[in-house]
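Note that the chains are named A, B, C and D in the order they appear, and that numbering of residues resets to 1 at the start of each chain.
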Amino acid sequence: MHSGGITFAALMQQVLVGLSRTTILFIVSSGLSLVLGVLRIPNVAHGSLYMIGAFVTFSVANFYGQTGFGFIAALVLAPLVVAAVSLVLERGLLCRLYDREHLMLLLFTFAFTLIFADLVKMIWGSDYRSLNAPAWLQGSFDLAGLPFPRYSLFLLIMGPLVALGLWLLTNKTRIGKIARAAAVDREMVDAIGIDVSRVFAAVFVIGCYLAGLGGALVAPTQNITQGMDHTIIIEAFLIVIIGGLGNIWGALLGAAIFGLTDAIGILVWPQFAIVFPYMAVVIVLLIRPRGLLKAIW
Amino acid sequence: MKPENTGIKKTAAALGTVAGFMLLALILPRYYLYLLALILTTGLLATSLNLVLGFGGMYQFHHAVFYGTGAYCLALILTKTGLPAWLGYLAAPLAAALLGLIMGLLTVRLSALYFGMLQISLGSLVWAIVYRWYSFTGGDDGIHGIPVPDLIGTSRGAYLFVVLVTGACLAVMYRIVTSPFGMVFTGIRDNPERCRAVGINVTGHQLAGQVMAAFFAGVAGTLFVTVEGSVFPDMMFWTLSLEILIMCLLGGWFTFFGPLLGAAIIVVLRTVVGSYTEYWTLVLGVVLILLIFFLPEGVLGMIRRGGDNAAGK
Amino acid sequence: MLRVNELVKTFGGFKAVDGAHLHVAPGEVVAVIGPNGAGKTTLFHLITGQLVPDRGEILFKGKNIAGLPPHKVCRRGIARSYQVVNVFDRLTVLENVQIAVLARQSKTWNLFQTASRMCLEDTIRILQNVGLADKADRICANLSHGDRKVLEIAITLGSKPELIIMDEPTAGMSPEETAATLKLMQRLCRQMGLTLLFCEHDMEMVFSIADRIMVMQQGRTIIQDIPERVRADKRVREAYLGGADTCSA
Amino acid sequence: MKRLFGLACFCLSVLVLLPVAAPVAAKTITVGIVDCYSGPPSTYTNDVRDAFKLEIDRINAGGGVLGHKIEFVTRDSKFKVDIGLSAAKELIYRKNVDIMMGTINSALALAISDLCRKEKVPFLVTFAKSAKITGAKGHDYVFSITENTALAGKAAAVGLAKKPYLKYWIAGDDYEYGHAIADAVWNNLRKLKPQVTLLGQSWWKVGEPDFTPYITAILSAKPDAVIVATGGRDCVPFLKAAKATGFNKRVPFYMHTATELSTLKPLGLNAPEGVIGTSNYFFYYPESPENQAFVKRFEAAYKRKPAVGAIYGLLAARFIAGAYRKAGKVKPQAFIKAMEAMTVDSPIGKVTMRACDHQAMLPMFMGTTKKVSGYNFLIADDIVTIAGKDVMPGCDEIARQRKK
C-alpha cells in the first residue's frame, strides 16, 4: 500500500520523533526500574501515578490560566504532588509489607490502581482534559522540509537531563550508593547499621516522582483521561525487562527500542506497526533472556 | 483415619457437591444460575492458572491468552465450519494446549519475572493477531450469536453443562496436584535447583505443567462460549490475565480451592456492588488491601491455617 | 568409579579449574581441600552438571558425563548436597525426602496416583536412618538449623546414589553439630557402602574421615593421596601459605 | 471435604444475600441501560443518559405512557464486553426490564443484541457505530437511533466528492470503528468520483499517545487530502498533534467527529481550524426554536451544553414513549410493530425509524471547524445538511447482507 519512497529526511525525522517519545517512556520506566530493582516491588500503580501526574499538571496549569508560567509551575509541582502521595502510601502501608512475596506486593499495588482510578474519576470527572503547551513550545519548525514539533525538541532535551540527574543520584550521592548496595544485598546494608527502610522510602518516592514527571511532560501532547495508566504500565514493564532490571541505562536503551520500533514500524509497515514493539521484546528476550544490560537481580 | 477412608470420603463429598449444584438448577431463578455458571467458569480458569502459579511457582502472567484461544477455537468451529459441535469442544482445549506448548518452549527456560514478561509479549502478539484479523476472527467486534447445541443452549442446560465439566476438570486437576507430578511441581516451586540435583527434569515438568494449565484454560474458554454465546478479543487481553492472577492470590494461591473462591468473590463483588455504585472498583481495591493486611495467604489459605492451628492445640 | 581428567573451566578469562584431575574408587571417602578460590566448588559444579566444562572428561563408571544436565547426572547415581541449606521450605520433612525418592524411581511423571501414599517405606527408612522420623510431618521452614542440615543429607540419600558429593557439609555448624554430622556421615558410609566425595575447611574432620585427600590450588590438582602423605607434602604447605596470603589480601 | 462444602455454602449464602428483585410496581415500564460510565467514553454516554432522563421526566410528569410510569436503571460496563454482558443479563433476568438500551461499545452492542434476540427484549442502540448492528447482524428486536459507520461514511463521501481533492491518504484507529468508517467513506467516494486515488494508509492503536510520527509519515507522501478515521478518545490528541505540526494548514483533512462538542470543547481555542467533520447534532444547529428550547432545558438541568449524545437520548425516550402509545399496550411484539416506520419530532426535525432495518434515518451535518466570537471553543461552520434518506444504504442491500 505504502509505495511512496521513504526519503532519508523522513526517516531521520521519524527517528527524532521516536526518540522524543522515548523520553517519556524512559522517564516513566526508569522510575519503575528503580523501584523494581531496589525494592523488588512490581509496582503496577506506577501507571496510575503517571496518570495522576498528568491530571495534577492539568489542574495546576489551568489554575494559572494555561500560561507559560502555569506550565512550568505545573511541571515542578505535579511530580512533587505525586511524590507526596507515594510517600504517604509507602510510609503508611507499603513499608509494612516488604517481607512478603513479590506477588502479594503485586496484588497490593494492583489494588491501588483500582483505587486511584476511581479517585481520579471522582476528583476530575470522566471528561477529556486537554492542556496546551506554553506558546514558546507550540507549533513546529522546519527540519529538512518536514515539520518537527517544538515540544518534541523540548522532550529531547529533557530526556538526557533526567538521565544525567539519575546517574548523578545513583552514583554520586550517598543514598544512591546505599540504594544500589541494598539492591544487591539487603541484609548486608542492614548489618552495617543503615536504616534500609528509610532508604527504601526515599527510592520509592524518587521512582514515583519520575512517574509523575512523565505524566506532567506527556500532558500537553495527548488528552488526559482515565485509562492512561493502562497503556503506559505494560510498556514500562516490558522496557524495564528488556533493558535489564534496575539498570538506568537499560531503561534508556529499552525505551529507545520501544520508541524507535514503534515510530519506524509506522513508516515501513503501517498496518502492522502495533506488532513491532512486542516483536522487539520477544526477540530481545529470546536472545538475551535477562535483558540487554546487566540486571541488578 | 486410614488413607483409603479419606479417599472414599473425598470422592463422596465431591460427588455430593456436584449433585447439590445440579439440584440448584431446579430451584434457583435463572439469573442466579447464570451467575453461578459464570463463577464456576471463571473459577475453573483461575484454578487452571493456579496449577502453574501456586503449585508450580511459575509467573504465568498471560494466562487469559489460552482461555481466549479455547473460546475462539470453539466459536470459529461452530460458526465457520459444519463440523459437529462435540468436535469443537474437543478441539478447543487441544488448541489452547498446543499454544501452551509453543509458548512454553520459548519461555520456560527463563526465570520468574522474565518468564512472565516474555509470556506477556508473546500473548500480546496472539492478541494483536486476533484483534486485527477482521475477516477471520471478527476483529475487535468479536463473534456473537454463536450456535451452541440446543441441549446446552438454554440457561439451565448451560448451567448443568458448566457444573459437570467444571466438576470433572477440578477432579482431574485435584488428582494432578496430589499426584507425584504435583508434589514434584511444588518442589520445583520451592527450589528448582534442588529438584535438578535429585534428578528431576525441571524444564520438562514446567513445560508439561504449562500445557496442562493451558488445556484447562481452554476448557474454561469453551464454557464461557456456552454460557455467553459470544467471544471478543478482551478475553485474551493482559488486563484479564492480571484479574485472574488477582483471583488466585485473593483466594489463596497455595490452596487448591482458593482460586475458585477468589473468582467467586470478584465476580460477586463486581455484580452486587456494581448494581449499587459505579465505584465498585474502589470497593474492590479497598477489600483487596484489607485482605492483604489481614489475610496474607488469601482467604482460604487463612481458613486452612486457622484450622491447622486449632487442630494443633 | 569417578575419574576426572584434565578438566578446564574458564569464566571470562579467569581459569577457575585448570586441568584438574581426580580419582575416586568405589567405597572410598575422598576429601578435596585447598585455599579459598582454588576451584573446589567449581569442580563440584562441573561434576554434578551445574556447569559445563570447557575441556576435559568426567568419567563415571567408565562413561563420560561431562556436560550432562544436573538431573541426568543424578540419574546416573551421583547425588549432591549443598553448602547452604537447600531444601523445600514449604513442604513437610517427609515430602522433602519423598520427592527425591519419587525422582529416583522415575515416578515424577505419574499424574493420577496419590503421591502421599507412594514410596512411603523407602522414605521413612531414610528418615529413621538419619533420625528425623519423629519430625516427618513438620513443615521444613520450622525446623532448627541442625535438623535442616540433616534433612539436606536425607534428601541426598533419597536419590539412592552410589556417589555422594558434599560441599562443606559442616559449614555454619556449631562444634556439637559438626561432631554429630561427622558421626552420621561415617555411619552412613559404613552402613550403606556409599562412596563420598566432599570438600571441607575443617582439617580435623578431613583428616579423621577421609581415605584419601586431593589438594587443589589455582584450579590445578597438586596431589591426591592418603592423609599421611598429604600432610607431609611440601607443596601442600606452600599452597596453604600462599592461599593464606591471597586470602588476607 | 469440609472445604468443598464450605465453598458451596458460601456460594449459596452469597445468592441469598444478593438483593432480591424488588417486586416491580405495577404500571411501570422499566428501561435497562448498560453503558460505559467510566473512563473516556463516558464523555459521550453521560449525555445520552442525561438527555434520556430529562425527556423521561417530562413524559412522566405528563402522566406517563398508557398510565405507566417509565423508569430506568443503569449499569456501568467499564467498556468491557464481559462485564457489560453480565450486567445486561442481570437486568433482563432479574430486573425483568421491558427494554434494553446502550451502548457505546460496538462489540458489547452486538453481544447484547444477540442476547435480546434470544430473550425477546427490544434493544435500542444509542451510540455504537458498527454498521453490523442493524446491517448484517440486524434482527427484529434491535433498533439503532444513532448514525453508524456506513451512514457517516456515505455522508462524508457525498460532501468530499464536491471538493477538488484527488489524491487521498487514509489514517485511523486500528479498531473496527476506524476501519469501517474509512472503508465506508472510501468506497462511496470512489463510486461518486472514480478518479480519486489512494496514496496509502496508516493505522494506530486506540489510545495512541503521540501522533507526530504518523503525521510526518503522511506529510512525506504529500496527499491532497486525508481521511482521518478516528473516534472517541483519540480525536482530541490527534487534533492537538495536527495543530502542533501545522498539519491542518498543510493538508486539508476530514475527521468524522472533529466538529463535535465533546471533541472541540476540551481543546478550547487551540483546536485546529479548517478541519472537516460530520455530526448528527450541534447545540447551535439547526437554529430551530425546538432545538433552542431543548438546549435551554438541558442547560438548566445539567449546567452544560448538550453534545451529540443528547440527541440520541432524547430520541430514545421519544421513540419508546411514542411506540407504546401507538401500540396501545406494553408488549414487546406490539412495541416492535409500532416502532417500524414510526416518526417522531425532535430538535433536528422529524426522524423516522426505517422498517426494513430498524435504523433511524438521521440527517447528517457536515461542517468545518472555525473560531467564532462568543464561544471559547471552536464550532462548525459552513454547515451542509445531508438528509437521512440520502445516506441510508438501500433495503435490498441490507437484505443481502443479512442473508450472508
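We take it that a residue touches a chain if its C-beta (ideal position, glycine included) is under 8 Å from a C-beta of that chain, and two chains touch if they have at least 3 such contacts.
Keep in mind it's a predicted model, so treat the numbers as computed, not measured.
Both chain C and chain D are touched by B. Interface comparison, A-D versus B-C: the higher count of C-beta contacts falls to A-D. Of all the chains shown, the one with its CA centroid nearest the global CA centroid is B.
For chain C, the chain with the farthest CA centroid is D.
With centres defined as mean CA coordinates, chain D is found 35 Å away from chain B.
With centres defined as mean CA coordinates, chain C is found 48 Å away from chain A. Distance from the chain B centre to the chain C centre is 41 Å, each centre being the mean of its Cα atoms.
Of all residues in chain D, those touching 2 or more other chains are 37-38, 174, listed in ascending order. Residues of chain B found to touch two or more other chains are 132, 281. Counting partner chains per residue, chain C has no residue touching two or more of them.
Chain contacts here follow an irregular pattern that is not a line, a ring, a star or a complete set.
Contacts between chains, counted with the stated touch criterion, involve the pairs A-B, A-D, B-C, B-D.
Those residues of chain A that touch chain B in the complex are listed here as 42, 44, 93, 96-97, 100, 102-104, 106-108, 110-115, 117-119, 121-122, 230, 234, 237-238, 241, 245, 272, 274-275, 278-279, 281-282, 285-286, 289-291.
Considering their complex, residues 1, 3-8, 10-11, 14-15, 17-19, 37-38, 75-76, 78, 80-83, 85-87, 89-90, 93-94, 106-107, 110-111, 113-115, 117-118, 130, 132, 137, 174-176, 179 of chain D touch chain B.
On the side of chain C, the complex with chain B involves touching residues 48-49, 69-72, 74-75, 79-80, 82, 86-91, 95, 98-100, 102-104, 107-118, 155-156, 158-159.
On the side of chain B, the complex with chain D involves touching residues 9-10, 12-14, 17, 20-21, 28-32, 34-36, 38-39, 132, 134, 139-142, 144-145, 155, 228-230, 232, 234-235, 257, 260-261, 264, 268, 270-272, 274-275, 278, 280-281, 300, 303-304. The touching residues of chain B, when paired with chain C in their complex, are 3, 7, 175-176, 178-184, 186-187, 189-191, 193-202, 205, 208, 254.
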